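Before any comments, here is the structure.
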């Protein structure tokens, strides 16, 4: 259907810019509100130590969030195979240490996780299978193979140097946080400044038009899943190194945490819109809120309840703002 | 004055205001039973808004609506349907996963309580389709039909509801001339049954042929309602745009050079085979035929959007194998697709981002898009094509259809192709924008580009093209030169009355 | 190619048949009524939830909260046994399922948000509620004899649970193919804009679809709690994935507009009989996972390879569209 | 086709596994999971011992899903096995299934975790470490470390999980029983996951700071998480006394280095062997005791050199 009236277009523009601004401002305000409330409610909250803790705690899932942003933006709904890729990264990066040394082990672990992502990508991008089904199936198979491979036992780390590095600090900032920030920056650059990011946004925005504009849509779509798998592999590897132990179910739940952060950040699940800073802001908000609740002694089920309400609120508000901007 | 008894619809003083915008102001619009009433106007003149008011999608800000003499208030499409008002949209709006019969009776399936009387439904649907002269099996899954067959099902659906008022919005946009003629037979039949028909079209020739009355809208206001006798196309255009548009189809006085694109005996194993043609620098080659003849399929295959199974393609004398659009771009081929909204624009992106999409790699150093190059590229084309508003940062879906189309063409010129394939470049574009697009195409060939233009509109083909290839059932005719061109000749080739 | 088309058309039947034949060859006494009855009973819980999900997927929606609703309904039906008696408590438990579904439906229709994200959130909420009201401790019912009675098999094959599943899925088949609301459901999932334009109350259909799915998850949860005489906040945490797999193996698509009750029956039976067969052979759980994952992927790839026609390439699936029921307005 | 091939391979594997099915006694073993640090060695020990005894094991894995387990009991009954060894993950939910087994004259015993008293009539014995007992031992050990006075945090496993319930309730009940002056500051769930324990520990340390004088973790993995969090927050300060359960290798290291106070060793191998031995006796018609514990050893710095870690 065509838009009637040139004048109405102005309203459209104003609407959508307003929406974008409002939703960005909303996120910032929400984070500020949590910080303010937290500072009043708990003396321990607004301390360098605690905030650094929050940052450290969110780094592992944060790396996954960066990848998941690509999946949502490209219109790939969600990657449910994250637990498998994290397990792959964690178990292999520890398990292969005695055989090939810590650095090659880490690299190989991440590469193999990327291979799982490639399988997802081929099924979603090239064969055209619904991402939910494809990643669910591949994740199940991947996790099954990982479990069969290690026979279900815990794999321990054997290289203390790598453990020290992963747990260590650089200029007073934990190494995992630095790695997360680096990956977030790279992710942000790729999504917003590089041709690949523009292609990702175009493919998510209108698949056919992107295809007809010589964008290699299939590869771009597949690429988002490879990016997520690589990120999860790195995340899993770091997890393994910091914990110095890994078990097959080490990554369970990370997929939902990552999706939650991305969605709360206002990245559209229908694709074509979103950025890494938004997703990271969503993650920061969720983590700070959880932290405040824990410091306040709120029980786990209540935390889950609040988080659920939060997601409903976030997507509801997003939909409402968007609707107002468009209708 | 009209007699109340045969006044099917009487809309008086209709205004519709959106926050800050007046889309319709004080429109009076009346349609009599048993007539075909055409509504014409440029895009954005308020036709769609008026029809949305009529079918209950929008509530008017002020004004009254009388249907069959009684004042009514409609809050949703179902209210309009209960009053016997039916819409046939330009875009097919049916359910691909249901059968033809179920689509014809969608929302009104016959049955008792909730039980579906399937046999009765199929019988009735078959009868309606037969009455409309459409050879379609009512048990077939709708998704398996061709586009024009689906369009007929859409009309059958409206007709089966035994409406008192039927609104057709650009019903012929996906129909060939042949099928259009069949549609007009159906419309005349409906008119004979006393149905009031509202006919919206950009194709003034069709309006002149089928309408009894015509209403012209401009900028949200009703300009004039007149009987069709005594009005000419030129006059309608003047009323629509408020000015005389001279030379709708500017001819291109370009110098014709060497052959740029040559396809030889290509086929995709399904919708076309044994198609050969070539197009030369500075030349516009028309590709026409009935809808479904395989024109778009040929273009998509040459551009790498689908696979060729036989034949060869060469550009500037060199054979190329094209498996994807990016390979096509590298070979120097560009393609402006038929479905602008579906295949042309990325709605969430700005004009700038849309324009630079195909050649992004060339604007990139070390993976990073060079912002200045990106900006200046779009600035050039926004200016050259006078895209309005002249703001490259504006989201493209906020532009009018004509300006969107200009941006889509600009996107391809940025790639500096040797040959540009345009698929229905002026469909759904208003008269003024159409002239501008033709002007742009004229400039391109003047600069030595080779252009293939697919169009169903014969006057456009005749007016613009240097040579014309006519397709029928997946086969292509030999090219006709300007001297050989005539509407009759093309139709004869397209319908098979003359062997290719 | 023709063979492939045929194989794809009857893929559910083929895979089910193959499972049964191989199992029968390998597992002695596999085709005995008692074993089949066992498989059916094992499939019943998944099956009951799958019935609801089939309806939702056809309507182009999805519900991830089924497992949590399953737990919540069961807990409520057990907790209330002491207060109001077993039968009324069971009814209240099912009502809890219906209310949970209504909440999902109202939010999806009212806020016009994507059901994937929304039910992810309500899954969290319902699961938290289950932990909250039980203080994370399992709760026990009053009458263990009832549990034994409920698990009795009739005609050597049916338990109450599996019989209920079979009856409901046959009813669903009739409803989907022979009734007007059933056909309208397909219209809503296949082309929401067209459905709306044709005066079909899409919002109401989607809402009722969620209520239906919630109710069935409630029924399954209450039955599970009665059969085990226990309500636990951790029940059903693995169910949702199994249910989605069963429905998709049965040929229903996440894109909406396509699916059938009999297909779901086939999918559920395949998963059920496969599980039993592999368990009878002590196949480790992770190998079972790999096998069912492979079957899932194989079947959807087959489906995709054969039926690319009919839907334009790159058409976005229902889940990716904004909210299907808001489609068709503007832009 | 891939599917067909894998099915055939499956069939071949299955065929090998099922030879000799008719003659030997078959015992159905409904285990907690196939792939788990504790369950896997227990399963392996049980199966190895069964082979020695000439007993066929039909092994079914619940994958930590209670609902699956309750249904697997039906599979066991339908297979008309000679005995059932159940690893309960819930104190109640299996009772109807066990009752059905009893109706079918199939003896059943519990391994590793107890069930509620209502289950007593339906089982012949319960073998294995008593998770409730472990909680009590942990309370005693921590109480000793703190000199009967202090305030502690509990890092618990999955909410609603049977092991978690036993280990937490045993701990708190014992504290009450002994009238120790030990306050539980908070109980948080970390799902037996080291990373989750790390995250919740950071928050606990921020929240309570120096108030924490002792820590009880439901297993050694989570204790490890707390230690890491503590070292982050207070690189120089020694950890307060931490008590874990399981007796993992790395816990032994931590005890040696003084980072942990104690752990409670339960051997998965013992656990598995005791269960199958008991079942074999039952099948042979012998009477068995209704409670057969495996030895639990509290390991502190004093005896860490002389005890073997569990895994």
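As written, the chains take the letters A, B, C and D, and residue 1 is the first residue of each chain.
One rule holds in what follows: a contact is a pair of C-beta atoms (placed from the backbone, for glycine too) under 8 Å apart; a residue touches a chain by one contact, two chains touch by 3 or more.
Fair warning: this is a prediction, and the values are worked out from it, not measured in the lab.
Note on interfaces A-D and A-C: more C-beta pairs are in contact across A-C.
The chain with its Cα centroid farthest from the Cα centroid of subunit A is B. With centres defined as mean CA coordinates, subunit D is found 70 Å away from subunit B.
Centres computed as Cα averages put subunit C at a distance of 32 Å from subunit D.
For the pair subunit A and subunit C, the distance between mean C-alpha positions equals 29 Å. Among the residues of subunit D, those touching two or more other chains are numbered 33-35, 159, 189.
Within subunit A, the positions touching two or more other chains are listed as 1, 3, 12, 147, 152, 208, 211, 248, 300-301. In subunit C, 131, 136, 284, 286, 294, 329, 331 are the positions where the chain touches two or more neighbouring chains simultaneously. Every pair of chains meeting the touch criterion is listed here: A-B, A-C, A-D, B-C, C-D.
Those residues of subunit D whose C-beta lies close enough to touch subunit A in the complex are 33-37, 39-41, 159, 186, 188-189, 193-195, 198-200, 202-204, 206-207, 209, 221, 224-225, 228, 232-233, 248-250, 311. If you check the complex, the residues on subunit D that touch subunit C are 1-4, 6-8, 10-11, 13-15, 17-18, 21-22, 33-35, 57-61, 63, 65-68, 70-72, 74-75, 78-79, 90-97, 99-100, 103, 116, 118, 158-161, 165, 189.
Listing the residues of subunit C that touch subunit A in their complex gives 62, 107, 111-114, 116-118, 120-125, 127-132, 136, 241, 244-245, 248, 253-255, 284, 286-290, 292-294, 296-297, 300-301, 304-305, 308, 312-314, 316-317, 319-323, 326, 329-331. Residue ranges of subunit A in contact with subunit B, taken from their complex: 1-13, 16, 189-190, 193-196, 198-199, 201-202, 205-206, 208-216, 272-273. Only residues 42, 44-45, 47, 49-50, 53, 56-57, 60, 147, 150-154, 156, 167, 174, 239, 242-245, 247-250, 291, 294-295, 297, 300-301 of subunit A touch subunit D when the two sit together in their complex.
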